[in-house]
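Two complexes come next, and they have one chain in common, subunit A, joined by subunit B in the first and subunit C in the second.
This part shows the complex of A and B:
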């Protein structure tokens, strides 16, 4: 089975770009990835494209061929929809298609346009990742769903809003030099604690923003990289996907995300690494509590221990295992269908040395990305390793 | 528009509420053809206890537009002895609800969307 290398990466600025069309956003990221890879247009055999709410925000279905065209590709394209894990799944399927020998070069990524809708529209669109009958009708919003998990976490394991505030402060700090990030500004624990409530116990700074943006990666087989002399020091060596019940009410434990554990175990096994080998990670912190549950599900912390990690300085840029050096969804932004791809882009740049925060992980060889859909009814984990 | 299975279940909440159980005792809510926990196709209707216990809740201050008139309201997940229900608790009860509170479930209509839902009341 061939290995899979990241030949090139591209992002748009993540932020508020209400006037830009989805096709323009994706074209920018895809062209940047193509330029970074230096791979000829006609060598790209498939586009794996992630998008969640395009049918609502732009009234645009059938986005695969539209985006291939926008990116200047002449190949077939498939759109993947897996809520916030759409691009993670798109990338995973690209990895699988290269490993299988079906393709040698695949463009993977995603796009979401959100700020052209007002907050009401975006709130309503995000909620459709939950169970329509048993959750959305009962007033469950996206923040509300994570708030139910946060409350259950506090009840089961303890922890406080202040612990969560430290996660927001950390991720904002990490984004300061990230030119692609929506928020390049520091916040304080006090600011986070004093922010208006969204869904108790979560307040404004516990939540990721509403974001427009796109991500793209050119993935190639080892053989292709060698034959065409492609400079691609970062490989995707592990991939896994996990599932859980759609509605929170049907989960065994309301403060755990076993889909992420399932995905991580598959990815660790695939790459032949253990949680202890992972030196840096980008995890799906759509809400501060989500970062906590991710750290525990990935095996970095025992249940109940992850909540204090940022406060203790273990996951900060100068900590033992920095988490979300990009700023995470919290500060970098969360264009839903692009996020899983952007995590892979950020991790690639961190490992190969051209990220503003690369110096913090200059010796790191193994990185992990964790992308979650809905309230982690689906999860995708990738392991990335760099030639040093 | 009706949602077969769900609507009948919701209607029954105000009188003889029920849930689905497989032979392993896993509880779930309709519409379902198989148990979500073990895949068993043998589901029977079991009586839903009259009251449940709040397992987690959130007071929602930024609602979906279809709940704009309700905020602040609580979304509650309550355990009914083997099956959990998710429902709304009105703004009059948000200061009193706690984990462990006892609730009763009934059917209600969202006046904005005209869609039907589970509404809890504190006992």
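This part shows the complex of A and C:
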């Protein structure tokens, strides 16, 4: 079975792009990835594309062929929708397709346009990732759902709003030099604590923003990279996917995300690594509490121990295992259908040395990305390794 | 590389189900497929699920894990959206996944709920499969788009509304004994010609209906079938996917669908068969003219020759190569996200001998299914073969 290499990566700026269409955003990211890879356009055999809410935000479905055309590709294309894990699944299927020998070169990524809706509209659109019958009709939106999870966490394991504030502060600090980030702005613990509540115990700085943006990666087989002399030191060596009950009410524990554990165990096994081998990770921090649950579900911390990691400085840029050096969804932004691809782009740049925060992980050989759908009813985990 | 067998198939009745949710419909089809296959629930390793307009019709995204749960499965699930080819793509990716050795047992299928919207709402929802910027904003909906294609066909090759009427009459006749069909009702050429216009030259009986329904297939590797003594005489031996420009205005010829040709050539090559080997086919007749373009793009007829096939009796149940023995989208119905799976279900039943129209193809060994997205901006073709 061939290995899968990241030949090139591309992003748009994450933020508000009121004057640009989704196809325009994706075309920019795809072009950047192709240029970074140096792979000719007609070598790309398939587009694996993630998008979540295009039917609502742009009244545009069938975005696979549309985005292939916008990106100047003549190849077939498939759209994956897995809520906020859409691009993670798209990339995972690209990895599988290259490993199977079906394809040698696949463009994977995603796009979301969200700021063209007002906050109510975006919140309602995001809510289609939850269970319409059993959650949304009862008034549950995502800030409310994650607030329930945070409350359950505090009740089961302890922890405080101040612990969560340290996560927000850390991720804002990590984004300071990231030119693609929506917020390149430091915040203080006090600011986070004093910010207006969104859904108690979560306040404004516990939540990721509403974002427009796109991500793209050119993935190639080892053989293709060798034959075409492609400089691609980073490989995707592990991939896993997990699922859980859709509605929170049906879960065994509100403060645990077993879909992430399932995905991680498959990915670790696939790559032949353990949680202890992972030196740097991008995790799905749509809310600060989500980062905590991710750290624990991925096996980095025992349950109840992840909440203090940022406060103790273990997950900061100068910590033992920096988490979300991109700024995370919290500060880099969260264009939902693009996020899973963006995490892979950021990790690739971190490991190969051309990320503003690469110096913090200059010896790291193993990185992980964790992309979640809804309240982690689905999760995708990838392991990336670099030739040093 | 292992072969891929159809171990079991399931459908709901296609029609109007005002009192049922989408998850309820899919659960019924999935259970039927599992019972038909005799495969234990916990052997199913992945759900590949197609849905097109759930964000609009049920305000429900993230349907992969939701449908896995509804179907009583504990496995990860992925939603594919490719407009009306969503389930075709979901099944194709299942085939690839089994062939690669990644999975031995995959449940593939799809679901759509449409009749809970009024006709205007459904027409607007379907229109997200077209190009929002360049087509929909100019007032193009799908009846209008296919009317343009029909006009272009008549202009380039000749043909008449009466030729198209023979296709509608044929497909209604084929659906007469199909208990899953929305319309088990014969119509005459005169009725079709006298029906009210929808978008000239297409009249009411040239168009498929608005439909609720679900489809499911249990696909397994040859090894699994042998090891578990699964009775599965039908195999999927070829699979292909093609793409075209999204908007009609950018196509080279309005009356040709090269995405279908691309998909078919890949599938023929994959199966090692030629168009002449195909003895029976289910093609994507969302409008009568679409069946004509399919017959020609698949290589069954030269351009300009497909229009008279039904009139000449070549594609009827007693013809040389019966087309749409299920009744097609025209008479069986078209729950868009389920249709690609339904075509595979119908072809499986036709070939293995338990379809009401199986007698017409009792010697046939090779069948084809053709599933199209939008105005065939994407297409998926499968070849099925039966052990006789």
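Here is the rule we go by: the second predicted complex is superposed on the first by the 388 of 388 C-alpha atoms of A that agree within 3 Å, B and C clash if a C-alpha of one lies under 4 Å from a C-alpha of the other, contacts with A are read in each partner's own complex, and residues count from 1 in each chain.
Everything that follows uses one rule, which is that a contact is a pair of C-beta atoms (placed from the backbone, for glycine too) under 8 Å apart; a residue touches a chain by one contact, two chains touch by 3 or more.
What you are looking at is a predicted structure, and each value in this text was computed from that prediction instead of being measured.
Once the two complexes are overlaid on the shared chain, A:15 sits clear of subunit B and of subunit C alike. Looking at the shared chain after the overlay, A:66 reaches subunit C, while subunit B stays out of its contact range.
In the overlay built on the shared chain, the residue A:243 is in contact with subunit C alone; subunit B does not reach it. Once chain A of one complex is fitted onto chain A of the other, the partner contacts of A:109 are absent, as it touches neither subunit B nor subunit C. Of the two partner chains placed around the shared chain by superposition, neither subunit B nor subunit C is touched by A:328.
Applying the stated contact rule after C-alpha superposition, one finds that A:340 touches neither subunit B nor subunit C. Looking at the shared chain after the overlay, A:80 reaches subunit C, while subunit B stays out of its contact range. Within the superposed three-chain model, A:58 lies in touch with subunit C and out of touch with subunit B [touch as defined at top]. Touch criterion met: A:196 reaches subunit B, while subunit C stays clear of it. Touching more residues of subunit A than its counterpart among subunit B and subunit C is C. In the superposition on the C-alpha atoms of chain A, the part of subunit A touched by subunit B in one complex and by subunit C in the other spans residues 127, 133, 136, 245, 250. By the touch rule above, subunit B contacts subunit A in their complex via residues 3, 6, 28-29, 31, 36-37, 55-68, 70, 73, 75, 77, 84-88, 99, 110, 115-118.
Subunit A meets subunit B in the complex at residues 119-121, 123-124, 127, 133-141, 143-144, 147-152, 155, 196-202, 245, 247-250, 254. Interface of subunit C with subunit A (complex): residues 21, 23, 52-56, 58-66, 68-69, 74-83, 89, 93, 96-97, 99-102, 127-133, 136, 241-246, 250, 259, 262-263, 373-374, 377-378.
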